[in-house]
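Below, each structure is written out as structure tokens.
Two complexes come next, and they have one chain in common, chain A, joined by chain B in the first and chain C in the second.
Coming up: the complex of A and B.
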């Protein structure tokens, strides 16, 4: 007989590490000033570590502390982070504390990420979609240590994560039930929590933070900056897509194009008699530009990935619409939100920096390896899904008895970007970036095969109606304006595509260009949004032009 | 305050620019270097007068800003401006700065005879300019793609005749602008490698401190926090292009909340607009340090 195998090595290792630090941990609580020593004691070289960098909420105190540990004690960590948002997230690679990174989004640090990959300072595991990254936490990226952020904790160690729950549950669960160590930074220790978002039983160490976690108002768009071109595109989208396909559920990207749509529902949408007929159900962050549509009765429900700074009181006062706890504050959840965004929606509407001649799009441009956030999950057609909504069924091919519907994936772009560069290009910069960064796959955000519609200031291309790649290219050329791709367009072909409903210009949709003025927006500026909210919305200082 | 301080190199100098410089500092530097600073157009034809003059102006501004309680989180110097940048971020000591800058100017003065210099191409990408340069460059007629000041603005450095050939090719390839610059040395090219080696030797006994923030390197366009890359940049940046566009790209990732443009001139208006949009900026060429300090403090309080 061979020796009996020990089946609890992880549990024992965790217990040993925690007991070695017991002098610094009282119950679950450690002192702020011991944070560095705690991390040095509980994180071993080579560990897989999740550092909570969400889209909005950042575990700032723990990330700064991790950047200050002694690289002789803690080194070569394998970091798993959905969002690389802060400079110290990358400093740890320069200092040798970490060496490998799996991530989803690096928007705010995209230049440095691309430099550090080129220099060999940072090795990339993969650039994931959010859902892939969360899912891998349960398969082959099971973390040894997770570092997360809570709003409030009680004396027993229960956590309140509130409006910005975001990724905390999915991260904590992956460690708590596989003998990983859960370390929490807390803004505040209180006697009684508004509600329990994470039970104390799943938490190992709590460290009061020296300052509240960083929170960014990423989804606030000032209506003042919406242009008349964007209003025209929004009008086309409402007529040619929302109305045409009878869309009931939607996710909007973060740009001004979709903000324009939100602000046209109560005005232009009302004129078209669409109220009560389209988009009652939303998976979207509580973006302030939705307030007029909510107030005028367009919106029945909104589930959110995260919160939005300044919207707290408004959300609390609209529990029929938002997901709100018994305590009256919102709970968000990015993992469930992404799941809903991929599997439950009729439509995703987003924007991008480049679209190639075949319809593939990417926000990765030369020198900037940004990753993609939620777009690849929400902007993809889950092919295993059968869905019976009118929108999906309207994309069903007539000539295939086994054919099924499809998710609507819409890209809305102006033909030239704010940098005066053409958005429509023959080849994506991402093709070159793949070589420089030695990635397995070209970092495409949304594939052509998943893209059903492209909207530009010229018109709409109904790509799902095309029957060959050549026809798809011709439809894209027809709406690509005076970009090099658009200049190839043949007027005779465009005429035929319009006749067959594959391309539509504003006049084909009954959209009057002269009506596309800023006066059509339900709110023209931030002050209007505050008024619509009956004073409940409280914009962050940087969005205030009044005091 | 998360401020980005930018220090230009040569080009914006004007006679009389040292008028408002702290008198004690000026006489200290003159005594230290055994050099009378004349601050006239004629004097600024001379490398030593020019380089020491510009760095004196910048150091005086840094001192005044620090006296007003302001400090940078990020610093970016362009060419000669790296010395004041390293000083502002606490890496290079004041007297060392002036000694090294004087030595650098002397080495550059003797580096090349007539017939060498720099040019610029606007409206083509760097790979496009590099392709044109490759058609012309040879060991007898050397020319290199040099500083990248904006995405579509690449400097040339080398033999003037070779620069002229690249200029002709660039115009034929659709460049908006291509011409020689009034620079008498082929700076920021491999032709300056010898000066770099000599300056590195001269700097060997200069102690540098770890930057008290982020230093942006000319030679690699990187954000660094260690002494070694700062030393490389100070001693050897003349042998490499200034990757200013990349410096500003990576600076953007640190999300500065304001930019302070040091004198002389204001050469980076275009690239800063492209990278940072309407971020708050102050220009010490156009306002006093006390006005700048007032604005920066006001912005920090969030009263816009």
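Coming up: the complex of A and C.
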């Protein structure tokens, strides 16, 4: 008889590592000053390490500590990170502490990421959507160590993640149930938590942080910066898409275009008699520009991926709308948010930096490898979807007996970006970036096949109605303004596309351009939003222009 | 500052003068007046030099779609092509509403 195989090697390795550090760990608690030694003792060379940090919440204390470890002890880590947001996230590659990265989003560090890939300092596994990266934590990127952030912990080691729960549960679970090590930085140690978000049983080490984790108010848009062009586009979208397709559930991207839509619902939407008829259900971060629509009764429910700084009191006072615990704070489990955004929505409305002549779009431009975040989950047609809604069904092709509906995926862009460069291009910069960064796939945010509508200041292209790529291109050209793509547009073809409802200009939608003024916005500035919230919204200092 | 001049064949004469927009940063004003001429004549003063081709492209597209016959005076302070098109089409719409 052969020797019995040891089936618990991971568990034993974990126990050995933790017992070697037992002098520094009391229960589950380690001292702030021992953080570096803890990481050096618990992270082995070559380990797969998840460092928590998305586009809002960052485990800053642990990321700074990781950047300070001795590269002779800890090196060649395989980092798994939703967002490359902070300088030290990349410093660890220059120091040799880490060598490989799998990630989703690199907004603030996108230029440096491009350079480091070109230099060979940073080896990229792949670029993911958020949900896709979480999924791989359970299949082929199972972590050895996870470094996460909690708001509060109690003496037993239970965690409270509160408003900004975001990714913490999905990351912790992948390690806790596969003998990975869970290390938590905590803003505060308290006797009693408002509620338990993650049980102590899943947590190995807690280190009180020297300062609270970094939190970005990413989804706050000052109405003062919304332009008349954006208002015109928003009016067209409301009439030509929300109303036309009877849209009930939606995700909005972070830009000013969708902020304009949010602020037109209580005014323009009301004039059109659409209240109670469109978009009662939302998967979206608690963006302050939704306050007027909520207060005037447009919104029944909002599930969120994350919190938003300043919205805490307002959310606590509106539990019928938001997903809040008994304690009054929102849970914001991001994995569930992404899942809901992918499968349960009628529509995604976003913006992008470039759209090619075929309708593919990307935010990756020359020298900036920005990644995807969650947009491709929301902005794609989930082919596994089986339930039907009126909006989804309205896109069903009529010539296929097995045909099914489609999610509405809407791109809203001005034909020229704020940098005065054309948004519509023959070929995406992403094609070149792929070569430079040696990626397997061109980093496309939303593919043409998933894009059902494009809205510009000129009009709407109903791409789902086109029957060939040539027709799709002609529809895009018709609304692409004086970009190189738009200049190819043939007036006779545009006339035909308008007659067939494939392209619509404002006058075709009954939208009056002269109504597109800032006075149509339900709130003109941040102070108006505070008033709408009855004083419950508390904008961050950088958004305050009054005392 | 640059002065530009264009002529366009047009078929829809306007009956009243109209004024849309303001000369503010990123914006422009468009003044249209009825004319006896056979072509629309445009006199443009722009704060951004070197954009003659872009102006021509915007105007080609506008007159393809809305062949208004008028004298145009345009005073621009760095508007994007999208804003130029917005002001031109707003003027077109305001004239149509008057009719």
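We adopt the following convention: the second predicted complex is superposed on the first by the 547 of 547 C-alpha atoms of A that agree within 3 Å, B and C clash if a C-alpha of one lies under 4 Å from a C-alpha of the other, contacts with A are read in each partner's own complex, and residues count from 1 in each chain.
Methods note: a residue touches a chain if its C-beta (ideal position, glycine included) is under 8 Å from a C-beta of that chain, and two chains touch if they have at least 3 such contacts.
Bear in mind the structure is a predicted one, so any value in this text is a computation, not a measurement.
S.K.: In the superposition on chain A, see if there is space for chain B and chain C together, and answer fit or clash.
M.R.: After superposition on chain A, which the two structures share, chain B sits beside chain C with no clash.
S.K.: Hey, is it chain B or chain C that touches more of chain A?
M.R.: So, of the two partners, C touches more residues of chain A.
S.K.: Please indicate which partner A:501 is in contact with in the superposed arrangement: first for chain B, second for chain C, both, or neither.
M.R.: In the superposition, A:501 touches no partner, neither chain B nor chain C.
S.K.: Touch check for A:229: first (chain B), second (chain C), both, or neither?
M.R.: Touch status of A:229: second partner only.
S.K.: Touching A:27, do we find chain B (first), chain C (second), both, or neither?
M.R.: Neither: A:27 stays clear of chain B and chain C.
S.K.: Once the shared chain is lined up, is A:457 touching chain B (first), chain C (second), both, or neither of them?
M.R.: second
S.K.: Figure out whether A:115 sits in contact with chain B (first) or chain C (second), or with both, or with neither.
M.R.: first
S.K.: Per the contact definition in the header, classify A:367: touching chain B only (first), chain C only (second), both, or neither.
M.R.: First partner only, chain B.
S.K.: Examine A:481 and indicate which partner it touches, taking first as chain B and second as chain C; both and neither are also allowed.
M.R.: second
S.K.: For A:513 in the superposed arrangement: first (chain B), second (chain C), both or neither?
M.R.: Touch status of A:513: second partner only.
S.K.: After the superposition on chain A, what is the angle at the C-alpha centre of chain A formed with the C-alpha centres of chain B and chain C, rounded to the nearest 10 degrees?
M.R.: So the C-alpha centres give an angle of 70 degrees.
S.K.: Chain B and chain C, closest CA-CA distance after overlay, in Å?
M.R.: Least C-alpha distance after superposition: 7 Å.
S.K.: Taking the stated contact definition, name every residue in chain A that is touched by chain B in one complex and by chain C in the other, in rising order.
M.R.: Overlap of chain B and chain C footprints on chain A: empty.
S.K.: For a test of understanding, state which residues of chain A touch chain B in their complex under the given definition.
M.R.: Going through chain A, the ones touching chain B are 87, 91, 94, 108-112, 115, 119, 367-368, 419, 541-542.
S.K.: List the residues on chain B that touch chain A in their complex, please.
M.R.: Against chain A, chain B makes touches at 214, 221-223, 225, 246, 249-250, 252-255, 274, 302, 304.
S.K.: Give the list of chain A residues in touch with chain C in this complex.
M.R.: Going by the criterion above, the answer is residues 227-229, 232, 414-416, 420, 456-458, 481-482, 486-487, 489, 491, 494, 505-507, 512-514, 516.
S.K.: Considering the complex alone, what residue numbers of chain C touch chain A?
M.R.: Going through chain C, the ones touching chain A are 54, 57-58, 61, 64-65, 80-83, 85-86, 89-90, 93-94, 97.
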